[in-house]
Amino acid sequence: MPLLEINHLTKYFGGVHAVRDVSMTVEPLSITAIIGPNGAGKTTVLNLISGLYKPTVGEIIYDGQNITGFPAHDLANLKIARTFQLAKSFPEMNVVDAVSVAQIYMNRVNLFDSIFKPKKVEMWKEERKENSLKALKLVGLEQRANEKCKNLPHGEQMALEMAIAVATEAKLLLLDEPASGLNTVEIVNLMETLKNLKNQGVTILIVEHHMDLVMKICEKITVLNDGEKIAEGTPYEIQNDPIVIEAYLGRDSASA
Amino acid sequence: PSNGTADASDKILIGVIEPLSGPESYDGLRMLEAVKMITEQVNADGGLLGKQIELKIEDGAAKTAESASAAEKLVTKDKVQALIGAYASTATAGLLPIVAKYEIPLVNGVSQDEKLALQGNKWYFSFTLMNSTIAKMAIPELVKSLNIKKAATVVINSDAEIEYSDVYAKGLSALGVEVSQNSFPEGTQDFSSILTKIKEEAPDTLFINMGSNEGVNFLKQLYQSGYKGKLVASDLYQQWADEATKEIDGMYFAARYVLTQDTPVNKKFAEDFKARTGKYPDDSVAGDYDSMLVLFDAIKRAGTMEPQALREAILKTDMDITRGHIKFDANGRGGFDCKISQFKNGNIAIIKTIPFTGV
Amino acid sequence: MLKLTNINACYGKVQVLFDVSLEVHPGEMVTLLGANGAGKSTTQRVISGVLPVISGEIEFFGKSIKGMSADSLVRQGIRRTIETKAIFKNMTVQENLEVGAFITKDKNTIDTQMSYVFHLFKVLQEKRKQPAGQLSGGQQQMLAIGRALMSKPRLLMFDEPSLGLAPILIDQISDALGEIKQTGVMILLSEQNVNLGLKLADRVYVLETGHVALEGKTEDVKSDNRIKKAYLGG
Amino acid sequence: MVELSQQIFNGLVIGSVYILMAGGLTIIFGVMNIVNFAHGEFYMLGAYLAYVLINVLNLNFFAGLLMASVLVGLIGIIVERILDHFGDRGETEYVYYTILATVGLSMIIANTVNVVAGPSQHQIISGIATDPIMVGPIIVTQFKILVIVMAFSISAIFGLFLKYSRYGKAMRATFENKEAAASVGIKVSTINMVTFAIGSFLVSIGGILVGSMFNIYPFMGITANLKAFAVVILGGLGSFGGAVLGGIMLGVIESITAGYLNVGYKDAVSFILIILVLMFKPSGLFNKISK
Amino acid sequence: MKKNWVFLIGIALLAILPLAISSQYIMHLLILIAINVIYASSLNLISGYVGELSLGHAAFAGLAAYTTALISLNGGSAWLGLIAGILVTLAVSYFFGKIVLRLRGAYFVITSSAFQMALFYLASNWLSVTRGPMGLLNIPKVAIGGFVFESKTSFYFLSVIIAIIVVVACRRLVKSPIGETWVAVRENENLAAAVGINRAKYTRIAFVFAGVFAGIGGWLIAHYIGVVSPDNMSYNLIVSMMLMVVIGGRGTIAGPVIGAVLITLLPEYLRWMGNWRMSVYGLILFLMVIFLPGGIMQLWSTIKNKGVFSSWVRSKKEVN
């Protein structure tokens, strides 16, 4: 059974058809990519899954449960996490605190405890901090734990958002262009991180323009164009699909 | 009791709380001038009990909490021996628990909310004519002589004026007059909606009660709206006589204070005040001047600043003030005549005086 | 020609550029290469007058332009696109382009440049009546580039124009840059994407933590071992 | 029926003043993202300056109106230069601190005028007839007609300027993104100054018209400002066209409430409208673009 | 641990303070300070931590003041008034919070201000219940068993104890995960939602606590002064609350406390300025916002960070 199943997803913004009748699946413990030209509707699909937008038509099934229209903040409980295309995390917080925030939804102390049991609050805080350091280590940011988030350069911002997503103990990770603005070396590191995550039992759905990365680590690729699905398949199939080359990859694709 | 030793000092300290900032300061500043004026005159004549009088002045902004804070300071820090103030009834209300607690006389000829006077506060001496009192005194006379059948009130939404509207509406309808009540918020500039409504209702007489400033504006717009009926107010503000002369021609007043009332006390007051400030006084200025007259007279008769003796002396007051002749009842409530008057051709004249028979 | 000599620049107390010197000659395209946070954007900010320099000299065609305000530099013909896709979201695509030509009053130039931009980026023409805020991330990037072209500048700076663009569009942009270069405009490009960055450039400067670590002809830099390792994944 | 049409006319007159107040407020918000809590004080200041020029120095009404409003525009520039310093504090902080600063400014201006000029009310003498004229069943005055005509023509001119002129577009561009505006050669500081000056100029005209139609006093700006907020919210923050529609709407609704419900609740209406609009259509009733 | 000591010593000082003070006037000011601490600390939850400038906060103080006034004037006890006041502010802040917290920045400011003004006009015009601007007079004192909080000293203890409870509760809220969510949501709402933080829910907790605390302050002032009028929710009141928070330092626990002390005492020291006073307040606010946006607490932390203070301590030690 797929972990995530999207059926006939459609989203209009006023007159703009951002996403039209898209269906796709994400198998457990896989890395799946959505690619497509700019404005194809990739981010919109992620926003629909993660509850930022409500679909006009269609349904989203996660782990057998229909989650269509669930608000964003309910998805952490279902173990779905995401990163954003223009990552800025929590600019004024320390890196480690920013990651700790990701575990608050687990609600180990309630309102009553917050006011009447400061010890309990303190203990849970320590525990979250430890978990956060682990998550930071996974993405290679442990050295930066006490830096202010806003002082991280762009590449590390993206890593930080991944650490935050990881700290929620998510089973499904939605990533929006994590490689954007990274140089070649950093992209290699990112691929390592993604593989690690997969090995630890996380399923990944990634939106990316960086073809090297997509082709190397993804098992399955869905291609969107103008809101519609135009192709689906393995990296090899996609790379050699004339429709995809025409609409998206362009003439240099052979060299990628 | 806390200032038992104050008697020994070489000054008589009187606390004055007025709205000296904010919108109400228009009245507050003029009232303060009257208070200063009479104090300077008394001091120039050698003061009272052989001592000079010193005023301790605070801004209460016509607000309860601010006035209460000011009183607390005047009484406990500056050790004043009597208080004057604090203009608006809600502000004065803040003073009442304080004077009761420290046993300091508060003399007030301005605040019109009778709820204050009915509290049974032994240290609060209130003697302006309450709206309900004026209504009782003047309405039957007005209805009869002006032949009122249908009336409307227009007042500013402020403590005393709202009460005015209520008691007048009650008094008028008791005599079979049809009444509609209208109020507008402080700071209103455009009266067109109210005036349109009034025009539609077509009352024969309009009872108005508002500050002198709003009054000018209202009366001008009333005139522009083509209103032809009669007009009645409590007191004539000098500003109306100056700036809305045309608009108030023929207007009636059921007045506490009348500028031209021909008594020696009033003549002296009006002339002195005009000389000092260049403006004629009106009711609230007269009210504070009267408060000082009452207080000074009582101090003279008591021969001491001891609070209990002072209290006794105030209760025995029997004197002429600017607004008539005043006496207090056992509860510290006083009053004077109500003067029905009319403004015509730039002058105000008393038509009929209705004697005070108690609150 | 643009000439920077020993530029030092800071954000608050943190110094970010150290004695940076570089030149761009007429008709030339120069690429700034460097890791995250190396100072590429900062260099462009300094040139465009958004960030004041602490010391050093900036000359443009022999005239010192140090300390001139951002808008007067635009009048001098220096234009820059910003990496954060700073477009005017509530204005239509067309209005965005019109404002891009703010310093030109000549209606003809505006019309020619606008058709040129529409020729480069077809989507923009299709969406010209829509508020720019409704464009996708990549479309906004195109609009930002198009806007910079509107006033026929003498020096164009692009800050990571490939960011978030589909491969096919990177191709288009690279074609566009080639065309622009043909018209004699000087181009200063910041890139992480070496394919684009090195393809058309005549010369390359490599920045490392605010210092110029290496400069030279594109061919020479490409064959430098350190560069191969760090940027070419080789 | 007669009463209703009279009330609607009354609403149009006061609504015209609201347009001038809110139009200024909304463009200052639009361009600079400042909610100017001292805007009402500029309205009052314009009226007082005009009072001095016209009543005391015996200037012609229109000359006084223009001069006073230009002066207020200049004062607006000074204020803008000061508020400009908040620019480098980050967006949310900027909104927060400019509001606080203008709250402080409004206290300074209103209370200083109260002390210096005294708390009494005055009327600006326009010399234009205020005698009632019957137009059908409705009573109007020449001056009230002038107010409506002035408000509408000024806002039409300004609206066209904003939509089509080069500078108007530059202003809207600066609305949205300063760094980007600078990058196309717009001098942002000039735009900010011009915007603040125009906004203050417009509200000053409103104050002067009210001052000669009704009266002026030092605290007249406070309620006026709250009204302007209501209009701006109705029309959508930053939308000039919205301010025009919102102004008329608020004026008429207020008049009708006052006429048929209770005059006391007239002022509460605007606040209840704000809350209702923001509950159901936060972008304003007339704003197409949602943020 | 060190913090605890400071706290305990502070409490001890507050407890013996009345012994050292004979002036009733100063006791009066101390009571006002305690009430203002409650106002400012509660406002700070929204305007400091959640990060929205609330110009509607005084409405809650006024609501509770009217509630308790109406109850105790109709024969209920002050304590019943307190419970009713808490329930009313709780309900109103819950529902109004739902509306207003959807809005940000300028929209939040204007709506919250409109909310307060609407209630202000309601209180001014609903004569049959509120007596309008005449206000409700003669509100009875608070009493417990036979003991009446009549004297300044007794009321001082009542208000100081409540103020301490409020400040401690605010501190614990801020330090708890709930407090962390406020910062997270302020910094990046979308990301916060993605990690399961429901902005509406958590900011509403702040809003409700702030509203109820302000209500408790309103309850105290109603029974202390004995009069409730529309001034209890006026524009001036919210401006002075805001001044306290800003001058002290928003987003800190100590800031509003310091601000409350200063703003309560300031008018008393500026009385000599007569009617220039309000202009001077405006000027202070204006200058603070420009030159010291973080308030006194910012000054304090710069001194600490620059090491002025510690180097001074060190040099002292060396001398010894």
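We just call them A, B, C, D and E in the order they show up, numbering each chain from 1.
We take it that a contact is a pair of C-beta atoms (placed from the backbone, for glycine too) under 8 Å apart; a residue touches a chain by one contact, two chains touch by 3 or more.
All figures in this text were calculated on a predicted structure; none of them were measured in a lab.
In terms of the stated touch criterion, the partners common to chain B and chain E are D, listed by label.
Chain centres computed from CA atoms place B at the largest separation from chain A. Across the two candidate interfaces, A-C and D-E, the one carrying more C-beta contacts is D-E. The centroid of the Cα atoms in chain A and the matching centroid in chain B are 74 Å apart. Chain A and chain D, compared by their mean Cα positions, are separated by 47 Å.
Between the CA-based centres of chain A and chain E the separation comes to 42 Å, rounded to the whole angstrom. Note on chain placement: the centre of chain B and the centre of chain D lie 38 Å apart, centres being C-alpha means.
Residue positions of chain A touching 2 or more other chains: there are none. The multi-chain contact residues of chain B, meaning those touching 2 or more other chains, are 21-22, 25, 29, 157, 183, 185. Counting partner chains per residue, chain C has no residue touching two or more of them.
By the contact rule set out at the top, the touching chain pairs are A-C, A-E, B-D, B-E, C-D, D-E.
Chain E contributes residues 51, 53, 99-100, 102-103, 105-107, 109-111, 113-115, 117-118, 121-122, 124-125, 186, 235, 239, 242, 246, 275-279, 281-287, 289-290, 293 to its touches with chain D in the complex. Of all the residues in chain A, the ones that touch chain C in their complex are 13, 16, 35-41, 43, 85-86, 153-156, 177, 180-188, 209, 211, 247-253, 256.
Residues 48, 50, 69-72, 74-75, 79-82, 86-91, 95-96, 98-103, 105, 131, 133, 144, 147-148, 150-151 of chain C touch chain D in their complex. Considering their complex, residues 35-37, 84, 123, 130, 134-139, 141-142, 160, 163-171, 192, 194-195, 230-233 of chain C touch chain A. Chain D meets chain E in the complex at residues 29, 33, 35, 82, 85, 89, 92-93, 95-97, 99-101, 103-109, 111-112, 114-115, 222, 226, 229-230, 232-233, 237, 262, 264-265, 267-268, 270-272, 274-275, 278-279, 282.
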